[in-house]
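First the structure, which I've put down as structure tokens, then a few questions once you've had a look.
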Amino acid sequence: MGRAHAIAYRAARAIFDPSTQVTLEVLADATPELASTAAASLGFVRSTGDWRNLAADPQIDMVDITTPTRLHVEMARAAIVAGKHVYCEKPLAPTATEAWALVEEAEAAGVKTMVGFNYLKNPITVLAREIIESGEIGEVFGFHGQHFEDYMLDPNTLVSPWRFDPRSGDGVTADLGSHIISLARFLVGPVEAVSARRHTVLGERVAADGTAMRVEVADEVSSLLRFASGAEGAMAASWVAAGRKMALGCEVRGTKGTLAFDFERINELQLYTVGQPVGRDGFTTVLAGPAHQDYASFVPAPGHQLGFNDLKAIEVRDLIEGLTADGQAPWPDFREGWEVQRVIDAIIESDRSNGWCRIDQVA
Amino acid sequence: MGRAHAIAYRAARAIFDPSTQVTLEVLADATPELASTAAASLGFVRSTGDWRNLAADPQIDMVDITTPTRLHVEMARAAIVAGKHVYCEKPLAPTATEAWALVEEAEAAGVKTMVGFNYLKNPITVLAREIIESGEIGEVFGFHGQHFEDYMLDPNTLVSPWRFDPRSGDGVTADLGSHIISLARFLVGPVEAVSARRHTVLGERVAADGTAMRVEVADEVSSLLRFASGAEGAMAASWVAAGRKMALGCEVRGTKGTLAFDFERINELQLYTVGQPVGRDGFTTVLAGPAHQDYASFVPAPGHQLGFNDLKAIEVRDLIEGLTADGQAPWPDFREGWEVQRVIDAIIESDRSNGWCRIDQVA
Amino acid sequence: MGRAHAIAYRAARAIFDPSTQVTLEVLADATPELASTAAASLGFVRSTGDWRNLAADPQIDMVDITTPTRLHVEMARAAIVAGKHVYCEKPLAPTATEAWALVEEAEAAGVKTMVGFNYLKNPITVLAREIIESGEIGEVFGFHGQHFEDYMLDPNTLVSPWRFDPRSGDGVTADLGSHIISLARFLVGPVEAVSARRHTVLGERVAADGTAMRVEVADEVSSLLRFASGAEGAMAASWVAAGRKMALGCEVRGTKGTLAFDFERINELQLYTVGQPVGRDGFTTVLAGPAHQDYASFVPAPGHQLGFNDLKAIEVRDLIEGLTADGQAPWPDFREGWEVQRVIDAIIESDRSNGWCRIDQVA
Amino acid sequence: MGRAHAIAYRAARAIFDPSTQVTLEVLADATPELASTAAASLGFVRSTGDWRNLAADPQIDMVDITTPTRLHVEMARAAIVAGKHVYCEKPLAPTATEAWALVEEAEAAGVKTMVGFNYLKNPITVLAREIIESGEIGEVFGFHGQHFEDYMLDPNTLVSPWRFDPRSGDGVTADLGSHIISLARFLVGPVEAVSARRHTVLGERVAADGTAMRVEVADEVSSLLRFASGAEGAMAASWVAAGRKMALGCEVRGTKGTLAFDFERINELQLYTVGQPVGRDGFTTVLAGPAHQDYASFVPAPGHQLGFNDLKAIEVRDLIEGLTADGQAPWPDFREGWEVQRVIDAIIESDRSNGWCRIDQVA
């Protein structure tokens, strides 16, 4: 992900030609050697084997955190305390309590923040929101979404124990659940309550050192969702869904139409609106094109398709603009990261207590 | 649906050439005139304006009930008491308690029964079960299914009040929910507990007489599902899903693969199994063909497609064979109809009590 | 195919309830024994081991021919001479010359005729024609169509030598080419000229007796098409297209839109028209439903899907109505069968002469 | 396209980290002002209002030509004469004769060349070729391909007259036909002969100055293709295909399987091979992933999708490696550009002469 960010900074410059130029100043890694090699490869000016140096460095305006989740809080806090802006990968923190602390600290320090929910930057996602906000599908009452992948299906894959340590977050609930929750919030608004069920499918995995390891984090999670708007629905996430590689998608139903998409085809949206001519009605397959936000910056012709890295470039462009513009801020910020984390925590609590959990019951 | 059954009896004979021939003996309808007209059109020998005559008629071996759900129980009971076999459309009864009474009575009377869950007869459904039973996708741990249609979306459509009377069943939960629940049970086995949420989207509709009518039955329902096998998942149903016409489908995930289908394409199954060659793996689109159960009776070539009425013909063939064979019985029988109804009742109870409901907590 | 017709007669009665009832009077097969067995199974009153008896039988109004193509001409002629109407499977005859002779004889005898191009009866095909005729896609200028299947791909399958005898017709050109040509004519009108290329992929096959057999008929054929209307395009057919089971489809382009379909999904049409709102445009997936011709006779709800046998039932309904109505006739008739055959013959001639061939250059 | 190249140089560096760094040294445009603005925006060191300065500039190793086709020859020649390597957009030249002259001059001068057939760089295209070369689909005998877009459908769009001047190339035959021909050659090998039909659908367009303009170049073209290998098939191209945005695709049939793709979904390939288990066979949807060439350089996870600009980045990486490596050369080079142009010229000649045209009959 560090590499993806480095690519995105360059791409954002090449594609969007922002007035403010970003310098990739210092790269931190676990050792000076690793950092030095990575800096050379990714085009950073300097490198360090101690991430704490970033916070102390007067040349640095913003710290970009792409480490595992369990390290986010300490690193983000150090940057905030030093008055740096912070750009942090999702999910923001292992718990909503920790996420909230960062929100308060960042707001107190007056620094700007961003969390890397890159799929919200897809022109198709933005199109979906436009369709909803414009009322084209009427009043939204239903949402069903999921994020299915299969990268954790093989029980013999060697895994890093930290990744399955509940203190790092609840497995797929944090890793993919955060994406589908951020999408649900982006399209349908705040979630009010959840009734959820976590499922550890593979109770034993093989640690990186070859030893067997008991696992208790979720491999799958399903949750009913009650939205503040009165809409209802459900979400699911799985990292053991054989054959699914990037199946983040949803269906949003309103009184005048339905929209649906699945990001294994990230350039397509399915749209149905009532009132089409009799015998000619059906879902329309809308291909991403220059009529949609940000697409034309990449290629002037419709249907020519954006890729994953392009979404990240849009995200970095939003970051840079948000950091440099007066009175503006990047989004999704830490507060949004906390909101997503609250839903995750409510899901875990709902599963634990075997009942509904209101979001405002957790931190 | 009466007409669909009449077509199915003829089709079953033309296609399967069963040794036992069915005579469409007496057709009952609300008045003698309606019955007479329908009998002539559908090819029945006689007709009656009083359904009670069917039970009393010594020429009749089986009573076929295609009335609205609220009338099923009384009619089925009369037939059972008279020693007739009974073939009843789904859902069997408005409540599990009523369904169970029918089960006990039918078993006591020694008559055979069947409920019209026609989608279980689709060769693609049977293929899905074969794949699961054979272990081709390993141990099944996840199920997500839905049945979305949109025939109740327009609030200005005139509706029969009985259809929205909770005593007839809970709206979409009964009408479409019963299909997805029967499918879940067919593929993954008994459901043990549910956490559900019903949603009345359109609280006011227009009755057939043009007057406004308050509605409290569900337009949408979502439920977490805990299976006896340890599998987990969720189901959803909607009859207000704009643009969805026959979107009954599911995804079943196992330790070695995933299968998925959506009956807006009722001749296709998507199958992914682990162990495919690197760089060549993906979901395979299996088209229904002669290698699949019952397909070859319709057409000898693959990919030439069965339609909805063909599923009903298979169902009627199963009915006839089940009635006439020694030691056999048609399936799904009333007991299965009751099992499905228990899940429906548990969903309603879960929604009412705002918590999980075990299936064995309801009748 | 004989069985498919027998099923279709029953289905047409059950579904369309025509005023004129058809009696399946006499079934002819190669021997009295075969005929007797088939008659019992398919519900015919009588049977005969000599097809010539059909023409002589005063009880018979119409002869239905489902034999291999090479036998069509002799059988159809005998029926025509005896004053019977004739319903013949496609293609009508091995050559346009022979087809034309039948047309002249039938018209002289005043008997009615029909050729079984069943895919023209699909409600989706009729919808496509309605869209074109209404001008919804503007002036049509382009057509590309194909019919790909794979039932002749395996070189080790035992085959009947007659099927690969050029006197029976040119392999795939006759068998599947006739379908795509009839579709092209139905949607875009008369073909004026072709430039074609036949391709014998498997020059050696195994005859039914296990001996090797040289093959010269086409396994694949591609042809440019020049339509009388000024539209241009191409067609292709293959019976060695691995994995294709029923891939008969086309794309029709006009000045205001495009329509496309593929009958591996026989209930779907893709439609694009210009003038859709910016950023919301795309192809619409139209599912067959009650708004489309004949669909509602099968099932009242949209999206519930027709199958191959349903198309054949529509065809038989058209046949019966055409035979019995005053001043009407079934369609496609022998004249249309001849028109299709002329295009086939022109394709063969174009391939032979290595150049364009006008349709009016062949019989 | 100039902008796309500029983005690609940066992306290639960020993603592939090549040992040789490219400097964007001088940008030429029609006027000094335009050039200066573009250079600043795209990150070039210097700029010029006269492209001839590039050839004369000793700082420059390679000239990159993204002008309209009619200017390619003069510009490429000047660069070659000056001993510069040349990277030129497709198609290489308006005619094969002109293309061949460039090939001879470049080879005589010892400079390296490349033509921008970017779709050949898609990992899915490379996968298709690997599948064919490995024999996975047996001996290839059939190819049908097309490239359909709709950017020239609206007759009221103001157009540049040069684009419709036959001396610039034959409309869609050159613009999109070149893509599908290059793809056909890449996958199935040299084309030996064609029988083609060009079609000017809109004979009158509106020039940029608002005046009516007669048009004679092709809006659509269809051609039979005879390959040197013995394979047969056809291609089509249209820039007036309503609703098609990037429909470049093909189906390749072999004795053991079929592969197919359509670049409106540029990350997917459909693959069918014989020998799959009975009742489980079908086309597999292969999603681009790290197992496929170059994909992993962009993103480590499968299914996360590349976009159009990523293909261009791969192309530029190939260019840089080809220019700098000993004994290697970029591909597709001018010779390949000429080969594609020969097929285009043969198509035009075939249409003119109304008959087959062998490729070796044209320059």
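For reference, chains read A, B, C and D in written order, and residue numbers begin at 1 within each chain.
Going forward, a contact is a pair of C-beta atoms (placed from the backbone, for glycine too) under 8 Å apart; a residue touches a chain by one contact, two chains touch by 3 or more.
Nothing here was measured: the structure is a model prediction, and the numbers come from that model.
Touching chain A and chain D at once are the following chains: B, C. The angle needed to superpose chain B on chain C by their Cα atoms is 180 degrees, rounded to the nearest 5. Annotation: 36 Å between the Cα-based centres of chain B and chain C. Averaging C-alpha coordinates per chain places the centre of chain A 40 Å away from that of chain B.
Distance between chain centres (mean CA atoms), chain B to chain D: 54 Å.
Multi-chain contact residues of chain C (touching two or more other chains) are listed as 244, 281-283, 287, 289. For chain C in complex with chain A, the touching residues are 127, 131, 136, 271, 276, 278-287, 289, 291-292. Those residues of chain D that touch chain A in the shared complex are 4, 6-7, 10-11, 13-15, 17, 41-43, 149, 151, 244-247, 263-267, 287, 289, 298-299, 301-310. Residue ranges of chain C in contact with chain D, taken from their complex: 137, 141-142, 144, 146, 148, 153-154, 195-197, 199, 201-202, 220, 222-224, 226, 232-234, 236, 238, 240-244, 251, 253-258, 272-274, 281-283, 354-356.
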